[in-house]
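When the chains are written out, they are named A, B, C and D in that same order, and each has its own residue count from 1.
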Amino acid sequence: MTRAADVLPTFPAAISLDKDLLVRCIEECITCAQACTGCADADLSEKMVDELRKCIRVCLDCADVCEATARVLTRQTSYDANVTRAVVQACNQVCKSCGDECERHAAMHEHCRICAEECRRCEQVCRELLALIG
Amino acid sequence: MTRAADVLPTFPAAISLDKDLLVRCIEECITCAQACTGCADADLSEKMVDELRKCIRVCLDCADVCEATARVLTRQTSYDANVTRAVVQACNQVCKSCGDECERHAAMHEHCRICAEECRRCEQVCRELLALIG
Amino acid sequence: MTRAADVLPTFPAAISLDKDLLVRCIEECITCAQACTGCADADLSEKMVDELRKCIRVCLDCADVCEATARVLTRQTSYDANVTRAVVQACNQVCKSCGDECERHAAMHEHCRICAEECRRCEQVCRELLALIG
Amino acid sequence: MTRAADVLPTFPAAISLDKDLLVRCIEECITCAQACTGCADADLSEKMVDELRKCIRVCLDCADVCEATARVLTRQTSYDANVTRAVVQACNQVCKSCGDECERHAAMHEHCRICAEECRRCEQVCRELLALIG
């Protein structure tokens, strides 16, 4: 059902980056955004919400940045390495910060454990893509 | 790898709507947004871009509305049926309009065929969810 | 400094709706989204955050829907009244729900008072635009 | 009518960055996003749309990144300098790329002229904020 994998090969021109890595990065960004939106909302309904303020905040940031990154990476028209690099660097950083924070609550809250794991995966694939862009 | 299915059951309170349908609707919204962002960009790189203006425009709208809808549906804290209904109605309509337009180019462009199909799926599950909300 | 007012008249074709009302509606959507993002974050830093859960949730929804609405309204290429109507109806509803909730905290929190006021303005101009679309 | 200026001082804790600069940066991000969404759509309706493909693409990216940046900057709960820096760096870069592209069409298209100007302003204030974050 993953559309990044389906639509990307139909692009009517050359694709600048490694297609498999690109698809993986887009999909992790989308999945991470979804995990973060869900985690922020689950935090908000926890009894101990006042201990989860930082977690909510960084999850909201991470969802916003991951969604913007997925969109930028999906677009292949007139590829600009400077834009892609800067956006993926931002995504890598916010996934790191969000993963660090969610990890602190992972033993307590299953949504934080899932979200932390997803942030790590997205952070990792962003780093692989950055290595490729140079 | 689908996060909607993973995070939703960790929500620390009751979930107002049928969980399976909700997960399906969130996932179709995310998938449809992704297909639309990719289709708009592929259109933009087609030789005959001037015949695809309407397609690009409605794909951009559909991506924006589907992403907002996925976020609203993912949130379970203090469920508000009026908000959910109005947002899913908007999503249903923009998926219908986008599916109609992409279908017109489906024989010519594979990205339009995939996008039209995805819009139909998202339109359909939005309708099922609306029947439930009443 | 308002760009909606500056860019809209440069559109290279006819604009389907009343230009002044359209500009006002775009600007209120943008302003309301900004107020809601700020209010949700200010709520999150209040001592009594556990009484503001619903306020945070609906502010996040309202920011997402208002931003999507501003984008749809800004686009003039191949205007589709059905899409515009459905999206503005959703925006009108979420602004109503968010205004109602923020109003409940307006005496206590200045950010809620400002946000409620802004939601009312955006709800109102959405209604005016809907009357025009028919 | 600018809400960033109104809501920010109501934040119930200390604000980490210079408040005036922060407000200016949020407002330029929002204004730039709006200019870019409008410019991409106006491009799409120009007769010579096939010469404006790159302009549309980078305007779409710039709108997405500026909106995400405005949201991250608006949030003051649990400020994280690493996240803010990376996101503002990305915004600075995409505004530079978008400003460069729109400038090439500024003599021909008034929407490109306005958008280029706005990108320059947003790029500049991002740079000022980056100098402050260190």
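We take it that a residue touches a chain if its C-beta (ideal position, glycine included) is under 8 Å from a C-beta of that chain, and two chains touch if they have at least 3 such contacts.
Here the structure is a predicted model, which is why all the values come from computation and not from measurement.
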- Furthest chain, CA centroid comparison against chain A: C
- Item | Result of counting contacting C-beta pairs for B-D and B-C, higher pair | B-C
- Note on the structure: Averaging C-alpha coordinates per chain, one finds the centres of chain B and chain C separated by a number of Å equal to 21
- Query: Roughly how far is chain B from chain D, going centre to centre by Cα mean, in whole Å?
  - Reply: 27
- Message: Give me the residue numbers in chain B that touch at least two other chains, ranges are fine.
- Response: 41, 44-45, 53, 56-57, 60, 67, 71, 75, 77
- For this assembly, give the contact graph shape among line, ring, star, complete and other. complete
- Task: Report the residues of chain B in contact with chain D in the complex, numbered from low to high.
- Result: 41, 44-45, 49-50, 53, 56-57, 60
- Message: List the residues on chain B that touch chain C in their complex, please.
- Response: 53-54, 56-58, 60-61, 64-65, 67-68, 71-72, 75, 77-78, 80, 82-83, 85-87, 89-90, 92-94, 96-97
- Complex contact set, residues of chain B against chain A: 1-4, 6-8, 10-13, 26-27, 30-32, 34-35, 37-39, 41-42, 44-47, 63, 67, 70-71, 74-77, 109-111, 114-115, 118
